[in-house]
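Labels for the chains are A, B, C and D, by order of writing; each one numbers its residues from 1.
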């Protein structure tokens, strides 16, 4: 297990990426590296601004998008009270961060690996690509609704084979699903990794099970502790037992989890 | 250096800060965020005789300055705890308190039997929140007669280990419940457990929790917890452990001023996973604010008009 | 335009937003912040037969997402209200509801008599929070038998005006209290009144309130209020008015989904003095979130598992 | 009565004045004028930052220090949760403000008037001086602990006769009290107005009653509504009846109030 900690760190940058019609802002939040020696892409951290006070007693979980010696970066879509407050942070503000948490994605060398990202589900794959020993084996397929500049897609497409499909309306869904399934079939002997909204993960899981494709999916649940203690974030595993998404996941083998 | 040691009900704790059941897992989840040996005590997640899967999801909801939970006592069962968790805990240095959950008096007795036999278990905490179906569905913990009965049974089987009865605030008269625990032979009472609450999602038109209702905890309930502890301290002569909305050393001292021997920290462990350790670090500074260097001097020193 | 009118218990309100007793004075204090005629109703500060000076200071304390108060029903007495305040209120356009406070059953009857005779009083709300000394000091409102008795007396003297019984959450079983009110002849129940709480100042080592304990209100208690309203709506067939922690139109709809006919807004009036008016403005937008254009369709439409 | 309202206004400036050893920051907060046509010095307003959320359900009362066509200025000492949040405001942040509230000080023309200010109690006198029809009749006596640059004293001393006395330790108190009483005696035929901490007001009240000097004192109480509705801020009047400080005060004739 990677060494984890809880620290107060300073915000280095809050970069505004765009607004979508929900309305919902997209921001890239970079904070000082809290002394993490390493992490496994797919892991996440819990964030809380120091000056939030007590109205929101929980931190908020975000995929670790990239890490370097000085800093850690997250991509955040504003959807509610906590993300609104995070997007309003400014450099030098103090954030409480605990992580790296959870298990992360497998990263076998020299294995054709399909990265399936839906919306903000792209976040963990940025670091995945940067840290991968054989990026030439990676293929990113990105399904999105707001335009591409809301996401770190461009930087990623420079490093690996990458395609993006936009969902302009729900009429596009059958096409998108077909594209996902076709790409999965191409990787039937390799590995498929998926991160995105639950309906998207259901599609991936169903197809993986049907075609016996090795796949891992990253789940999202509301979390209070992030460390496996509160039992608020459970899902059912293959045997129907409740397991904590934060501690036993967020990444699960497609066959080992009920969503 | 200020001495933070507290002694009560046969327990000796290095400080009055205990982590509350269900909010600190089995302790081990927090070992990367602080040295578990520094805690006064750890109350582990509620244990039942058999493993329990708990309630369906969603089980938690954030509310203003608080949260609701309806976990449903998911736990691996008492055997698995004793086998897999207890040996890893620093039970020689920190009091490990077993929180017991059962739905009948004999079950409570059996649990007490199994747990009290373990050297690593410092005390038993009795959670009487299960609805008692044979008694018309209201929880054990809302009926003084039932509280006395359960306490008596657990105490008989506790092999001399301290028995702490954890009280529910969802009653007209919590002091009578505390009195019943004392009459039943409890060595201490701890309070409060969560307030019964609910949340609604207007978009889906459903209760936010699959269980419909859940327990409210966190800073929001601290005023209710303080009132309950005040009422109970004035009624019983056994030690009282204060619980409810404690997030800071100042909060902990508020309960001690009312007469609490120690406190439990629950929801605050979610504010950040090192919060219980920070509260311990802060205690001496908070004691200076109250102009004291002794917890014994502070305890129960509230000035009433 | 969405129709926000609600009718229940013989009342016709232009919208379901009523300001709660003790948090909106006699209404006039807020007339520069909004047009009082726009409110569904105004429940005035608790009225007693004789003027009352209330409790000593300090009387209020801010708590996380809430507040404590121990005002002690300071009020100029029912005569002064009828003489000096009621004539200035827009009672033809907005339901003026008189909140009545007394400590004996005959006093409640007398109050009802005086108030019900006034054209400008649309309904009577019975506040049963006074400790009943002759019954051992627990409040009227914590004993179903007493609730039924008071309700019956008030109803007899109410000259046909709607009688609303305001319930306390500081009980083991609030649904039985509601049932008692229904049995006593109440036209509606309103809930919840405040939760009994307390605050402590570690610097002075004194309770923050001179009265030691006080009533907790505000967003902190909304989960408890929702749970109580849910329990009561499933038990009684008279209309229910939801109260507790409502600060937004979404909050109001949560109570209506549970089955409330209307709601009262209390502590939110302190967030900003125009908050009740803002909630009315926001209601149509919040109803769209719940995909409805009718309060009747929304009322009680909560989907239970 | 002056017309009052509740508005959302933008912060124009938050000027940091200094820190004192408590530690406690002193700031001057200027916000857009919320459409107040006039006000009476001694009146106050309730303030709340729009993004505070629900943790602190109450606004906070502050004396209106000065008003011009565009803006309203307050002097704020950081003492707790709300003032900490107010001091962290930045230009363009939105503040909810309701006022002008309360009654204000008398301002008779051509009457020798002594302004007794203790600490932040100086705030209302800034506008009092600016708005007074005959400032040459005013005399300001200012008792303070932190150095003068924490306060708007300098600007005020340009306009009226003004003296300041610093309390460096409690040993200075007898001297300060003597100075206050002597100045009051000089104004025995005029008017004394006082604003400051309660012990300071008690001194002023006692001396005014003893020497039958016409005096007005401005009280501070914790407030929830600010408009006379909650009855949380009462004091006892001359007859021992509870009256709301926010609505019947905050300024009381020294003989009409128990403190």
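The definition used in the following text is that contacts are C-beta pairs under 8 Å (C-beta built on N, C-alpha and C of every residue); 3 or more make two chains touch, one makes a residue touch a chain.
Nothing here was measured: the structure is a model prediction, and the numbers come from that model.
Shared contact partners of chain B and chain D are A, C. With steps allowed only between chains in touch, the distance from chain A over to chain C comes to 1. Rounded to whole angstrom units, the spacing between the C-alpha centres of chain B and chain C is 34. Centre-to-centre separation between chain A and chain D, using Cα means, comes to 53 Å. Separation between the centroids of chain A and chain B, computed from CA atoms only, is 35 Å. Counting only residues that touch two or more partner chains, chain A has 54-55.
Looking at chain C, residues 64-66, 218-219 sit in touch with two or more other chains. In terms of inter-chain touching, the protein chains here all touch one another pairwise. On chain C, the positions that touch chain A within their shared complex are 64-65. Listed in rising order, the residues of chain D touching chain B in the complex are 54-55. On the side of chain A, the complex with chain B involves touching residues 3-6, 48, 54-59, 96, 98, 221-222, 224-235, 241-242, 247.
Within the complex formed with chain C, the residues of chain B that make contact are 63-66, 68, 138, 142, 170-173, 195-200, 202-207, 210, 212-213, 216, 218-224, 226-227, 230, 245, 250, 253-254, 257-258, 286, 289-291, 301-305.
Considering their complex, residues 51, 53-55, 81, 85, 88 of chain A touch chain D.
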